[in-house]
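In what follows, structures are represented as structure tokens.
What follows is a pair of complexes built around subunit A, which joins subunit B in one and subunit C in the other.
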Partner chain A sequence: MISSRTTDLASPRGNAPERRRRFRLGGRTGLAFWVAPALLLVGVFAIYPVAYSIYISFFKYKLTDPTKSQTFVGFGNYLSALADPSFVVAVRNSLAFVVGAVGVELLFGLALAVLLNRELPGMALVRSILIAPLTLTPLVVALVWGALYNADFGPVSYYLKQLGFQLGRGPVGEPSLALASLVVIDVWQWTPLMALLLFTGLRSQPPELHDAAQIDGASHWQRFLHVSLPLLKPTILVALVIRTMDALKLFDSVFAITGGGPGRATEVVNYYIFKVGLTYFDIGYAAAMSNLLLIIIVVLSALYLRVLRTPGGAS
Partner chain B sequence: MNGIRRAATYTALALFAMVLSVAPAQKSQYAGTNLNFIVVSDQFSAALEALAPVFQEQTGINLRVTVLGYGELYQRAIADFIGHTAQADLYSTDIVWSCQFAENGYLTDLASLIKRDEAELDLDDIPTVMWTTGSCGEQQIAFPLVGYAGVLAYNKAAFDAAGIAVPKTMTELATAAQALTKDGKAGIVMNGQRGTPAAQDWMFYMLMNGGSILGPDGKPALNSPINVETLELYADLFKYAPDGAVSYAWGERVTSFSEGSSMMMVDWSAGLDYLREGAVPVSGSAAITTTPVREGLDPVYPFGGWGVGINADSPSQGAAWEFIKWLSSPEVQKQYVELGGKPIRHSTLTDPDLVAKYPFLSTILEVVEHGDGDFRPRITQYSQIEDAVGLAVNLVITGQESAQAALDAAQATVAPLFQ
Partner chain C sequence: MTVTTRRRWFGNALSYLLLFLTVAFFLLPLIWLIGTAFKPRLLSFSVPPTWFFQPVIDNFFTIFRQMPVLQYLRNSVVVAVGSTILAVVLGVPAGYGLARHPGRTSNALAFALLVIRMVPPVAMLIPFYLLMRDFHLLGTYWSLILIDAVLNVSFVAWFMRGYYAGVPRDMEEAACCDGCTRFGAFARVSLPLALPGVVTIALFSFIASWNDFLFAMLLTGRNTRTLPLGILESYRAYEVSWNLMAAVSLFAVVPVILLGFALQRYYVSGLTMGAVRE
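== the complex of A and B ==
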């Protein structure tokens, strides 16, 4: 069909109104015309930066080097990153953060979604309130939580101390508590997103299956475990991928509250890349680490797909 | 900050009216030129914003002041210099950027202009240490814009009540910190947050204790015995600091002192809001003095600040230099201080009217006369050194490593940068 239209368009015999009509209908030229802006945008803002990042990662290239030299080092920057204790610690911290934050968000989000799915009074209001944390800028959230956590005049520290918790130097001052404290901030802000995504997944499930299971005598729990949850897998997959990618890119709360400390307790990959790239201006090395982060994200996403893929490829 | 800006604006309007009434309407040869000045968000930036219309009225040169945060300014400046986009004609430059900017030729070398206009600039009136805000070897890539003194801020009422003298030595500092730690109050407060806050704060104490970042050969000597000793002493002082001080940066540190929760801190003379009557709870009790020094050492005090440099790619070099000369003139300097800036001239620091109004100027003068602008080395590798020191200090004060081990690791990190 497409090729025949293209032939018609190319034909000098077709009259002008006919050509215009067929162009609009989506001949090959027409399709290319409509797709071109999107392709251009993707090319300029996604493909070119990634390609350039890969290219530059093979060079020793420091923007503030007076000699302005770019020396080809092959995979040298990648090998340096893998041997760099700060990068290794940052990857470890990032993965721990992802497991903690996304894991808790999934559990809380699922519980909230199930609750929202019940036709209880006031649920519409609850859903609206849930959106509030999502509307806030992460840096603002970090600054507010930084003040709340302050060991000397922050209310969180104060009340936890009143309850008998020994916080020492405060939630973000103790190496053992600092990363968990940042997880709490992330959970507070992003659990609603997880809940809303899963809620839409629950809503889209066909009620007939639940009715049939109920007729067969399945309890609430059994229906949730054997009907709702398997049907929810595709939504869970999407939610996990979105949140994992986001959590791996944690930056704001580290930048605003801890600076990567105490010690290296909260140094995460994105913050380390920022420091190397935009403080030391060691662009080649920062690009290599960014590409390694990209690989980690791709591997994790593939892992999710593998684990959550429904037999038969439904997911 | 809004209050300061508002006060600065009103004062500027008053000064503006005064200047108009006495200054002859003599326009510059560069009248009509547009200048963009990118300034760091600091106390003095409000003063510059307020002075911009005065400069414009007097010279006919249009001056736009753009205020950015520290990190944003640095990144924007580097991007502008590397891309040769000339987004700004003038930049405020941190003292520690001097040699990095000089070696890369980002800013115009002002040395020849300064020599040409020597008489007009009255160079003898500018203390030697002020030039470190923009010098690198023979080059002068920035003109002094604001000089900051490292000072000891203390709660006079607490010292009087405890019957102890203001510390002059490091031993006295530790003793005072211990004595004043009582009744839920901390004797001293420091920056403990990893990175620049901890590194910069520790470097104050390093200088006070006779240490240095670089050895006599110009190579890093982070793990020298005196630096290790200073870090141990610094960590000990945290016993008398608020619980959360290990996570503090400048804002929290000043708040703790200003609220009366902590009795001492070593601070830049940048804000000094706590000395303003009625500004904060501790106003009236707060005072500043020179920083303590190790017993037996000649007094050397921390000095920092900002310069103003002309973008080498700027098409308006002449107008930009005219602005620098105008701003640094004794008459404008006085207005600048009134608006919240800090002086660069000896005559301004000793001006009887200003000293009567701001008695702390005499302390700043003393620091300036014995100031060391190189205690934070003004070299290209500074940001990496600062980061390594910031990590080492934080590891020690949070009890994760010994001072020796932490500084050995920091030394190992930065040493390759000098090979």
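== the complex of A and C ==
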């Protein structure tokens, strides 16, 4: 079809507007040509797993069961998930983690972005340094912080004790501190992302608006609050969506440092599903819970996007 | 000194102080990691922590004796490069098509790609694991390359769709008038024009795949284990050894840090692209 179009174009009938139309011609078939290979890959290896996960969530299916029987239970798995105290605790831990981590990252990142935006000498170097945490293997970050937090030999524990804090079993050993300690790790790795995003957002703002506000006698703080911040809103929201989606999938640091403990203090939903699905092999139940998690993620993202689309919010 | 200059001087000094504290916060764990890789085992557990010491390289000899580090490194490279190539080769044309054929279908597909990125990894992992088992691909490079590629291809297509929305079509149309086929116009004009975007998105795919641990843990076998698994092994092998863990970690961490620094312009622009073009 492509070669015939070329000969068509060479024909005298092809005046300029028609040529243009023909270039865009194709509509759906044209789209299919470009996306088919990618869709094939995604369809087989992503849609299939997702569809299977929806299907099997309506069955009682344990891989450890020698007969491998699948018993239809309808919404049974979903109902037991909602009644399962472990699942409820895991969801609560995840939400607490997301609010804590993403909230701190936003405030810290915003402050850092404002600092970076001052364009003092040496800022370029600081920006380069900030890229490093983003590229690091999360498992390595988790193991490093796990060592830093170690109650007996960890530098963080040591210096906190020197400062007079009573830590008992260390930052990740105390139920009241464990989740917050994992938040610190997330803040360490992902605040630079927030800061760099917001910094680029700030830098792309037209200076005229700031100048105008300054002439009107607005203070630094007022200009930030009434000019920079509203203009930054779309960037902030997208950054929040990205970070929220990822923070809900927290796994590596829980796996490597706490194993969900002490007690259930750090058992986040992704980790609990992993445990049920891949160590107890209760596949149907794990699938139901991961579908519930997906619903939570989609609802949260939709909420953010809704706010983003409000008048004055879209870019 | 006038009041304004004094205030400005004070402001700058405060900025530098805050920046210094921030940089210290972000660098100290990294410095601890690099330092620990060159410490004898006992020193790595010293209380108070030692920051200045005579570095030794024994840890590296030990880990090379204990585990096939180079094989882990090779496996990581094979998987990350393989999945990146697959994701870029399939994802860039898809993103191009989505941008050049706007409409309801295009929007729906783009949204579907976004949802795939939202699916919790464990939800995909279990069925994917069973699928790979049935295809007898467990423990081969393919299982890991495929799942990384699937997750990355949706991201690549999503990103390139936004990128191409910002690239004018005039040049493609000109090429088309000059007798290029549609695909020819893409390959000779649109692709080179979008090269910075392609570099950016390849970098992101590579890093995502390189750093993956959860999928690698379940899908690799004895011969295809990637570096993160080697790191965990070094940490837990006989006794907890921070120094050995740190030494193996450097093999995973140094390449991506260097890549990030070398391509930082692309990296930062990629972050922004993802954010600005919602």
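Convention: the second predicted complex is superposed on the first by the 270 of 315 C-alpha atoms of A that agree within 3 Å, B and C clash if a C-alpha of one lies under 4 Å from a C-alpha of the other, contacts with A are read in each partner's own complex, and residues count from 1 in each chain.
Assume a residue touches a chain if its C-beta (ideal position, glycine included) is under 8 Å from a C-beta of that chain, and two chains touch if they have at least 3 such contacts.
Since this is a predicted model, take the numbers as computed values, not measurements.
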item	value
Subunit B versus subunit C as contact partner of A:I257, first or second or both or neither	first
Touched partner set for A:R169, first subunit B, second subunit C, both or neither	first
Which of subunit B and subunit C A:T64 touches, first, second, both or neither	first
First, second, both or neither for A:L196, with subunit B first and subunit C second	second
When both partners are placed on the shared chain, which of subunit B and subunit C touches more of subunit A	C
Contacts of A:L278 with subunit B and subunit C, given as first, second, both or neither	both
Which of subunit B and subunit C A:D152 touches, first, second, both or neither	both
Overlapping contact positions on subunit A, where the subunit C interface meets the subunit B interface	152-153, 278
Subunit A to subunit B touching residues, read off their complex	63-64, 66, 150-154, 157, 167-170, 172-175, 257-264, 275, 278-281
Partner subunit A, residues of subunit C touching it in the complex	12, 15-16, 18-19, 22-23, 25-27, 29-30, 32-33, 36, 45-49, 86, 90-91, 93-94, 96-98, 100-101, 103, 105-106, 109, 113, 115-131, 146-147, 149-151, 153-154, 157, 172-173, 176-177, 179-183, 207, 210-211, 213-214, 218, 227-228, 231-232, 235, 242, 245-246, 249, 252-253, 256-257, 259-261, 264, 267-268, 271-272, 274-276, 278
Contact set on subunit A toward subunit C in their complex	2-3, 5-6, 9-10, 19-20, 23, 26-28, 30-31, 33-35, 37-39, 41-42, 45-46, 48-50, 52-53, 56, 112, 115, 118, 120, 122, 126-141, 143-145, 147-148, 152-153, 155, 158, 162, 188, 192-193, 196-197, 200-201, 204, 234-235, 238-239, 242, 245, 248-249, 251-252, 255-256, 270, 273-274, 277-278, 283, 286-287, 290-291, 293-294, 297-298, 301, 305, 308, 314-315
Residue ranges of subunit B touching subunit A (in the complex, touch as defined)	71, 74-75, 78, 82, 100, 103-105, 192-198, 242-247, 249, 252, 255-256, 259, 261, 380, 383-384, 387, 390-391, 394-395, 398, 400-401
